[in-house]
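As structure tokens, here come the structures.
In what follows, chain A forms one complex with chain B and a second complex with chain C.
Presenting the complex of A and B:
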């Protein structure tokens, strides 16, 4: 297979983005409903998903500053599945609310492209540039309803936080380059294990890696850099919020895992306590803030911050001992995969209510069971999965992440996480209670869901149950993925 | 030849100035200018490290710096567009007054 073939998923998306862009230029947009662009984008994402699936079984290799391995392929599959589902459910929502459908779908495919490259990037230049490509495109998508005050404000806040974080990260990367003389992650790793590395230089590198962490933490909405998340998630168009909280987070954790596991495995002593601290801070802040939300969209935004904290626990377990980091990485990947379907489902349920009632406040969910029994049932499942109730995908993710932390004897971390999971269950159950026990009078008429949303909800439900009840296939993928990235670690 | 430390010191000062500007200024345009200063500090670092490094032929630092210059332009373009979108509706670019979303 020639080298260009290794870039198949990326090339497919690039062609798709250019095609939509050209179609948009060539045709009179006033007469376009945008449905054709959505369809083309969705098809390209599905084909890219199949290409990523095919890459799962390839021998790990490197090309174009990227690792083409099962780890990257698994993240690509996760990301493309999420993006395709968002296109399926949110396409109509976006097309009806904007005149620039062609632009939206072009950016949508470019965002997918950026996440796809991020999943495999093993060179700090490529990592930085792709994070910026992802960020800049996301700023535009967050502010896509630019005449709406809230959407513009969401994009603006995202931009201000994001560009400061990425500038700080870049400053850190420049010091890593200065010390190592290269930006390749494997050479960075080699630098830290060389025998004549002085203690001073080693210690001097820690601030640099901390600065770099700022950029990753921002993209994954981790503790000191999460303030943008609730505002941006609330103000952005709901389909954009959906991918920001799922696919974008998966890509951020993938690149973070690669940076720390492949590049900095020799600095584990230093960054374990830091990551553990961030993890606790992130989940606690997210959960406590979610408790007092009355806007369900904002509540889910805070809950997604809290979930980033749980996922980080998996990385802490990898950090503790990269040689036995299997279970931690497995946890991270499994959590991301299950969380993707669950959270896409939850946001699509929200989108369905928003489409018909025009509101995302708690009151709009009153008595939903009477208006749309199926929707209420599926939303309940997603919320239970987010809370980590057994037999759902969310439980399995939490089980693996918590289990990995227990194996590495971080009992206090697990204890705090369990308390947090308890707090989280409380606000998820609050939504469920509103849906079931709201009075029937103010329930209003029945909800009619568009076909795309119905299909998405069904796929997400099946996937959540599939991961929760019969996980061998997913576990197999996850195992291969983490094995392949751990073989790249220098000991 | 000017020692490497001097470059790093200037870059650190630039970075600190930029960070101060980005965090303390309330005008969104001023914040954007602070961000540009931070990016330029990193550029200065990269080019200095490249010049004083052992692998001068590898050009990594220089190429990275050029890419960042292009990126900074893209970021500024999007940032200014967002600022204009906000300004049109509210007649202000004060970041403290962006308070529709909070809680």
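Presenting the complex of A and C:
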């Protein structure tokens, strides 16, 4: 297969983005054609998903400073699935609120493209450039409703935090380049396993790692770089919030995993404690803040911060040769995959309520079971999955991540995560309570969902149950993906 | 062919739930189909009772299929002498609860019956699962429908009670999950029996203790063992009648079942080490729970606290047996008491039999008591003990039913409760005499609160019409005064009352099942090095 063929998913998205852009220029946009841009984007994402699925079975190889391996392919599948679902659900939502759909969906596809490259990037500069590409397009999408104060604020905050974070990250990466003399992650890895590596150099890498981490932590909304997340999530158009909290996070964790597990595998003594600390901080801060929210969108934003903390546990507990089938990295991937469907489902449920009531405050969910029983039922499933109740994908993700940590005997980390799971259940239950425990009289009128949202919700429900109840297939994927990374690692 | 029984029994309630959800038309149709469909698991559980082969013993009706090969988790079901009676209890109480609910639940009927079927499936699942992952999934799912049952159909303070129930048990369960993971990493399997056979951590008491307490937290919150019981009074009091029946009748047994099925065989060394704690917690629960009962003015809360006291017997019995879980501990203790190891092992078997009998009997007796409280509440709309009085003359049938249930609960010989207490104390006296003696105090106090609080306050004395403003019939029609139990209530209670009498007079058939599994457990641990 020639090198261009290896870029098939990216090329598909690029063509898609250009096509939507040209269509937008060529035709006068009215409301009707605007909706179809969403569908066209969704279609390109589905094709890209199939291309990524095909890449799962390829031999690991490299092209254009990118790894084309099962790990990258799996992340691409996750990301594209999420973006396609957002496109499916968000078409009508965007259509009602803006005239510039062509622009929106063009950038939407470019965001997907950036995440796709990020999934495989193995070169420090490419990592930096792609994060920038992802960030800049995301800033624009976050602020897409530019006449709305909230949306403008969301984009602005995101931009201010983001630009500082990437500058800091670039500084950190330059340290690594200075020490190693190469930008390639494998050469970086090879450099640090040298037996004659001086202690000074090892120590010097700690600030470099911390600085580089700032960029990743910002993208994955890890403490202490998560403060942008609640405001941005709340103010952005809900489809943007949805992908920021799911697909974008998956891409960020993918590049983090590659950076630390492949690039800095020899320095694990240095970075594992740092990540463990961040993990505790992130989940605790996220959960505590979520407890007090009355705006469901904001609540889910904080909860998504907390989930980043749980996922990080998997990276902390990465083990190269785990006989038990829980090597940490597969937990991260599984968690990301399950979390994607769950959280997309949760945000689309929110979008559905927002469409009809115009509000995302807790009160808008009062008595939802009487207004839209199926929506309430599915939203409940997503919330239970987020809370980690079994029979859902969310449980299996936690199971693998916690499992890896127990295997490493990080009992204190797991104990803190345990307390956090209890706190988290409390605020998820608050939403469920609001939906169900009211009386029938004060519920309000019935809710009608657009077809796209119905389809998205159904897909997310089925996927969540599928991962939770019969996961062998998904486990095969995540195991292949994590093994391809871990066998190459020089722990 | 045989193996299909458990699969059908387990997933039938799920089917029933889906039928209700998708095809449930009128409330009446939902109720009728729910009751009829719940007869299938009941019939199959009777088939299990009848079909269990005592000669062969062990786990029977096994099902084993590949499920998640990557982590060695399989879909493995099976029942033995311990689980069969509990499966029967679950199916029986579920059917009775559905039948009773059909008479009293009037709003959001479809949701109610949907959730109830889901609840039944999860409870059956815990009793038949022989794989940790499967076990844990069913264990946790049982939280969700119960949460909704309390939260939607409960009484005034339901919101608080539902959340408290959910969070408390969730925290316990997550601790259990970590213990399960630790066992998995030590043994490489999620199979409950294989893991027990592998004897993880038998040489490392510190880690074994951590795992032991992880498991114990999960089970103790469910049992609930003192001091983890604080969610129980709220949940039981606020839940709708049938919810309280299932909570007390079955959900509490899940915890005790876990202690016997998982904790004792898998971690016998840690069990021996911590047995004094279990015994103490059990004995304290018996006495403390009983004392708290005496102080209650709310009838339902009183019954709820009586569960804390009565489940204390279970923990006491299991704790006593835990003290001789290893051959060395058995020999040591036999030396101390100058008994033969065999005699001591007999006592351990009796303690286990007492605990398991108590699990079953408590399910029947307290189930009946909660039904009875519900019957009164439907009419009086209050549970305040001091606002009743003189009901014995007004509602003699109700009085009679309550007397049987109350006397069974306080352990009157000739009724079911007696045998459980007798076996428990007989077994525990030989192993932990001091705590057992302390525990017997509970029997006296139990008599006090049943006779003095309930019988005297509610049924004896003068009937004063001014104390309760608006009596209604069970259908919600205004009534002049208390009305006696009606047909569907009698039909709900009679199977339970009959079981109390039958087991009270002739407990042998039931004991045979439990004894089988108790002996198997003791044989299993006596072969350990």
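The rule we apply is simple: the second predicted complex is superposed on the first by the 478 of 491 C-alpha atoms of A that agree within 3 Å, B and C clash if a C-alpha of one lies under 4 Å from a C-alpha of the other, contacts with A are read in each partner's own complex, and residues count from 1 in each chain.
In this section, contacts are C-beta pairs under 8 Å (C-beta built on N, C-alpha and C of every residue); 3 or more make two chains touch, one makes a residue touch a chain.
Note that the structure is predicted; figures quoted are calculated from it, not measured.
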Inset, instruction - Check whether A:125 is in contact with chain B, with chain C, with both or with neither, and answer first, second, both or neither. - result: first
Inset, instruction - Could you tell me if A:50 is touching chain B, chain C, both of them or neither one (first, second, both, neither)? - result: neither
Legend entry - chain B versus chain C as contact partner of A:23, first or second or both or neither: neither
Legend entry - Which superposed partner A:471 touches (first chain B, second chain C, both, neither): second
Inset, instruction - Answer with first, second, both or neither: which of chain B and chain C does A:175 touch in the superposed model? - result: first
Inset, instruction - Once the structures are superposed on A, label A:15 by its partner contacts, choosing first (chain B), second (chain C), both or neither. - result: neither
Inset, instruction - Considering only touches as defined above, state whether A:156 meets chain B (first), chain C (second), both or neither. - result: first
Legend entry - Residues of chain A defined as touching chain C within the complex: 323-326, 369, 384, 389-391, 395, 399, 402-403, 406-407, 411, 414, 418-419, 421-422, 425-426, 429, 433, 436-437, 440, 470-472, 475-476, 479
Legend entry - Residues of chain C touching chain A in the complex: 67-72, 107-108, 111, 133, 136-137, 139-141, 143-144, 147-148, 151-152, 158-159, 162-163, 166-167, 170-171, 174-175, 177-178, 181-182, 184-185, 188, 210
Legend entry - Residues of chain A defined as touching chain B within the complex: 125, 128-129, 132, 136, 139-140, 143, 146-147, 149-150, 152-157, 159-160, 163-164, 167-168, 170-171, 173-175, 177-178, 181-183, 230-231, 234-235, 292-293, 295, 298
Inset, instruction - Give every residue of chain B touching chain A within the complex, in rising order. - result: 11, 15, 18-19, 22-23, 28, 31-32, 34-35, 38-39, 41-42, 45-46, 48-49, 53-55, 58, 60-61, 63-64, 67-68, 71, 74-75, 78-79, 81-83, 85-86, 89-90, 95, 98, 100-103
